[in-house]
Amino acid sequence: MKDFLQIIFTTQFGYSVLRVTTPILFAALAALVSDRAGVINIALEGIMLITALTGVLFSTWFHSAWLGLLMAVIMGTLTGMLLGYFHLKLKTNVILAAVALNLLASGGTIFVLYLIAGDKGISSSLASLTLPKITIPLLDKIPVLGPILSGHNVLTYFALLSVFLMHYFIYKTPMGMRIRAVGENPEAADSVGIGVKKTQFIALAMSGMIASFGGAYMSMGYVSWFSRDMTAGRGFIALAAEAMGGATPIGSFLASLLFGFFDALSNSLQLLRVPAEFVQMIPYVATVVGLVLYTAAKRNQYQRMLIKIGRQLEPEK
Amino acid sequence: MPDDAMLRMEKITKVYPNGIVANNEVDFSIRKGEIHALVGENGAGKSTLMRILFGLEESQKGRILLNGTEIKNESPHIAIANGIGMVHQHFMLVPSLTVAENMILGVEPKKGLRIDLQKAIKDTRALAEKYNLAVDPLAKVQFLSVGIKQKVEILKALYRGAEILILDEPTAVLTPQETKELFSELKLLKKQGNTIIFISHKLHEVKELCDRVTIMRNGRIKGTFNTADVTPTDISRLMVGRDVILEVEKDAAKPKEIVLSVTNLVMANDLGQRAVKGVSFQVRKGEILGIAGVEGNGQRELVKGVTGLERIAHGEVTILGESINRKAIKEIRNLGTCHIPEDRMTYGVAKEMTIEQNVLADKYDSQDYTGRILTKPRAIRDLSQKLVEEYQIKCSSPLQEVGMLSGGNIQKVVVAREFSTNPQLIIADQPTRGIDVGSTEFIRNRLVELRDEDSAVMLVSADLNEVLELSDSLIVMYEGEITAFFEDASKVSEEELGLYMLGIKHQTPEEIGGIVYEK
Amino acid sequence: MKNRKLAFESLRSVLAIAISLAIALVTILLVSDMPGTALKAFLFGPLDSMRHFGNVLEMMIPLIFTGLAVSIMFSAAQFNLGAEGAFFMGAVVSSFVAVQWTLPVVIHPIVSILIGGLTGAVFCGIPALLKVKWGASELVSSLMFNYIAFFFGLYLINYFLRDPNAGAMVSFKLLASAKLPYIIPKTRVHFGIIIAALTIVVMYFFVYRTRWGYKTLLTGLNSQFAKYAGIKTAVVVISAQVIGGFIAGAGGSIELLGLYRRFSWQQLPGYGWSGVIVAILARRNPAYVPLAAFFLAYLRIGADLMSRQSDVQNEIVAIIQGVMIVLIAAAGFLEKAQYRMVFRDATRDLTNVGNTAREVGG
Amino acid sequence: KAEEEAVKEVKEEVAEKPAEVDVLKIVLLLNGNLGDKSFFDSADNGMKMLKEEYGDKIETRTIEMSYDETKWEPTLLDVSEEDYDIIIVGTWQITEMLEAAAPMYPDNKYVIFDTAVNYAGGDFSNVYSIGYKQNEVSFVAGALAAKVTVSDMPLANKDKVVGFLGGMDIPVINDFLVGYIEGVQYVDKDIKVAISYIGSFSDSPKGKEMALAQYNQGADIGFNVAGQAGLGQLDAAKDVQRYAIGVDSDQALIFVDSDPEKANLITTSALKRVDNSLFRAVTMHMEGTAPYGEAEVLGFAEECVGLANNDIFKSVVPKDIRDFVLDVEQKIIDGEIIVSSAFGLTTEELNEIRNAVK
């Protein structure tokens, strides 16, 4: 137990929670924007994989991490649009289209990697670049908080910022309101001239774009290469985080952080010689538990209210 | 009269992907500043024509001329820009947004990047005042009554600068009093220079409000007349193609023992608010108890409680003496209950299944149709064949998918299934909504027949005509409570009923208590 | 009308397959220096020897099981993607039975498969339960359960069944009495294919000829209607996923007992996701599952042989699969053409009969 | 690139031209994919070395059978029926399949590396097994790590902790681990070893996370034995500026051009020269001296294990440590130091060893 606390109460641990959270947070926000428009995007896994590779390839070719990021974002947006095309134009069930896209991404990235680098596992033979880390002046001087919050990859800060941007976007801007309207009552949106499909298409494109930051972070921040199936389920976890967060930006952020905490914990806990496989289950179990607690709380609220409504009557009569 | 037409639709033909020809070479025109009625049977193609005008559907042929120039309303967006507004048959509002937010949806005023909500609220207030349509801009739409929602819908259209206003069956869910209010508002609009297309099944309303009327049947136009020149009988003959008598012939009821007994029932609605507030009543064998009321006054939740579809928050429901509070739907059905649901597409059928499979829905575990393991296809075939004939369901065979049938025929499938189990208690929720005259007649007669065969019938209907016509006795629901009980429904007038439905009149608890025959 | 619809659907499927194959061909032409060899191996490789054709049949077996599992879950409109985890856990647990219990020859695999199936049932059943009880989306939780199953399975093998003398993390050898025999000479096609065939027949009758199947379909097509008709939809929702999980788990067990000497998976085998493809291609109808499974297995073995015999990597199959699934499941694909057909019919009947097409539908 | 062309050409020849009789045909079956920058790549490199050395006299082909186990046996049987002179397979996982196949094709010659068939269990006179003394090289790596953590090298800290990052908790990896721990303890019994298993040989992001956790626990040098996943450790080393030890192939060389900063932290690599051992095997085959029917365990003497003695090693590691390490190596060769093996240890026994350095 002492060892356990020693691990958790270190600044390095806090630092790694944020780092691990970053890709999940991007993906959760990506899930959120499409979910709000009424389309569930389970292709985040594939989109992140594709954009992770895109970032690596273009940063190698252009000798610039920023251009790599730019291309990844373009690619992610295009992939989101592709999903939109499948779902909205060709009318494929969106879950099936996403499963197809994920399969395509998993094999397709390796196919492309092999064509370009001659490797089937990892891109380390390419001299790809990483995005810079940022030391925040002043903040990094503060004890405890400094080492936890400062010195992260630039995308980690962007992820945190994105939570607020997303909140603003969804609740304060016309497009955000349209997205919510389309998700809640598409016919109503349609009848006031908001193109439902158009809005959903935009939401999916945005979703792809946001997820692409997560993908780029994986290969140009988290690590410095692309490797086979490197997203390892983070796109799925993000869906759970978004659901757990009640489809709100702040909620999704907190849920992602929770997952990040358990994931970081699972990486450290092994040092205490807890069975590795057991430890690796923890984040997933935590996510399911969190999801159930959240939905159960919602359901309980309803039950309690039913009982209350029943009771209210008695003094009246 | 091509010269005086403000808007002309020419040779509009619309075929839905399922092969239904909803509009067939339709020519339709309106003049500036008139209120123009569009009437026709269910499925005649009225809504379709208007949806084409409003850009929600695309026609395969034909064109639209506004003030002589062709316009292409490819989306509502363009239609709105062309000064056309539409209030739909079903509300088109986003429940979680406020009135003001609904008003501006799609045409949001902006301040920088964000929505300028203050302006939206101010504009809504101003507009409401100008047209005398009182609404609270800050109220969330999900908590509004139907009447107010209707106003919001009209304001929405006006906010978008509509000069031509399409109203698709706006009075279907309103009380006579609310209807009257709406009419005065519409007349005000007309005075201020707007043009209105008004769709209704109620011909006296057409006579009262409209300048001209266009009649549709089977996707074609049957003619356009000055309302002053035609009688309702003329119109209905043109609509249906024959004379219709919608009078149901029935003898006085001979009620026997109590079948359904509801005591102090409390139900919640989807939002967790109390929707039924301690209601008690009883229905006896051999009678039809009508439940009248404006939609949204707790009838839906009442039906859900009585049929076991939702949990009862408080109180008790018994059928033939057995409490159903803790019973599963199957057990309730096994007590001899059947249920014609209000929304047939959601609760009444599985569209993708065949008629045969749909008919099986409440009897799949009966020995007659399934053995120990396998189903008995022959028996199922025979039953559905019989029902199709008996109920005159128009279809190619019982193997046709239900989704391919017209609304009236879908309703007949539901009714045939539900009535085929010799029910003790029939819960009929809006049994003839949105279906044509022929089918309506058929279903109403069948209900009376079953009553005469000693079934107990609880009839919920927002159609005043229907409740008055069919019910033996009658209760009125307002805001989740029973506000009136009439032992003999034939003694009540439509106007009087309206007063109770609006909550303007209220009987004493003693009078209402008459509906409980025995404790 | 019905035949027309069927014909159109078939046409669409064929076209979808043709388009995806065409994309594959173009890709091969672009990337390969030896397109002739590659194409030949890809298209005809599986037919060039008994062993290769056997490979196709071998691969069909797990695909049939997961395809059926996903079909039944999707039929009840339950988007449970946990077949992957159920398949894995089924194999893990049945390897315990196959290693540690001594049972007579025929009984041993039966018990092992049943227990594997039960394990799968639990793993798909939990997300179902979570949904019914607390409203947690089965889609999301089943995705998490795949990972939980994976790590939990590895934990079990590593700590309870691991052969310390083996040079990798694998279980002890499966007892010979538990193995499923090979039934086609010169191939490794094992008895599992017969179990698969039986399961298909059983599932077909289950879905289309029993009250439980009826309840499942009804719940899947319109759950509110099903509830209204007195069906306990919660029970159906759970049972469909439990049955699906059972089939997937049994499939994992059969794959293990048929083709493996020990439990040795170090990663999720991916058959759960393939099951989704099979189910879609088969349109959730058990009768079409073997066709879809054969087709997919043929493609994959073809791609493998191609990568072995030429310079084209077998990952190309991912591209073919992806395009194909999307197009086959695309209601909008060729919709315009279909619509034109409908329009022509409807208006022709109009001029003939001079009435609405209401009668056309009827 | 040029090499690839060559391989492609070879493939073309194999596939499209009838075989010529006097050419030695070799096929290497990998039960995984190339690109791990360690084990499989090293085996493939053996083929390239052979081609370079013998040119037209031999034909080589490498088949990646992927990680999907169901594909391995059919492929093995397929190539067994073709006219290859030598069929090379590797890793323990494929042993039992080879044991089934080899007696069926007595005229074929098989080489299996990194494991051995059970010669007592059947007639495997046509199989030559190659094992590696990874525990010995790992011992040396452990000694180096121990010396580094107590040294005053620029990135070394005061804590007496070193890291070990394994791919999976399996015997081959644990063989490395046991040697490593013994090597560490040979230098100083108080040094702790932070041990993690990634649970995968491919999840390099996870590898990086776990390595970071080790470094955060005070390790200033870590040893990765995790194939592709282990590359995560090298990235972690660069992030926190600590040292690393590579495995299998010379991992500093991989990055020396693309990322010199990272390369300079990879003090050395514990080489498991699969390439050398295969080259040696084929050469012996051509000379007619290949010991088919036997298993050999190759070590320092055959240059099949060893520390990478590259420029980085020489510039980063102080001379006294280097000398010490070379001395340890010599002592092992001379038999003065006997290194234990993890093969045959139970989980409990292993736990005892692991807990001793916790």
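Here the chain labels run A, B, C and D in written order, and each chain numbers its own residues starting at 1.
Just so we're on the same page, a residue touches a chain if its C-beta (ideal position, glycine included) is under 8 Å from a C-beta of that chain, and two chains touch if they have at least 3 such contacts.
Note that the structure is a prediction, hence the values are computed from the model and not measured.
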Selected pair, greater C-beta contact count between C-D and A-D: A-D
Centroid distance [mean C-alpha coordinates] between subunit D and subunit B, Å: 76
Rounded Å distance, subunit C centre to subunit D centre (Cα mean): 38
Cα-centroid distance, subunit B relative to subunit C, in whole angstrom: 44
Where subunit D touches two or more other chains, by residue: 64, 169, 199
For subunit C, residues that touch 2 or more chains besides their own: 151, 154, 158-159, 335
Which chain pairs touch, all of them: A-B, A-C, A-D, B-C, C-D
Subunit C partner contacts - residues on subunit B that touch it in the complex: 13, 15, 17-21, 24, 43, 60, 218-219, 307, 309, 328-330, 332-333, 339, 341, 346-353, 357, 360-362, 364-365, 370, 373-375, 377, 394-396, 399-400, 404-406, 409
In the complex, subunit D residues that touch subunit A: 1, 4, 33-37, 64, 169, 194-197, 199, 202-206, 208-210, 212-214, 216-217, 228, 231-232, 235, 238, 254-255, 257-259, 351, 354-355, 358
Residues of subunit C touching subunit D in the complex: 33-34, 37, 51-52, 54-55, 58-59, 151, 154, 158-159, 162, 164-170, 188, 259-262, 264-267, 269, 304, 307-311, 314
Residue ranges of subunit B touching subunit A (in the complex, touch as defined): 54-56, 75-80, 86, 88, 90-97, 101-102, 105-108, 110, 113-115, 156, 160, 264, 266, 268, 272-274, 277-278, 311, 313-315
Touching residues on subunit A, where the partner in the complex is subunit C: 40, 42, 86, 89-93, 95-97, 99-108, 110-111, 114-115, 120, 233, 236-237, 239-240, 243, 275, 277-278, 280-281, 284-285, 287-288, 291-292, 295-296, 298-299
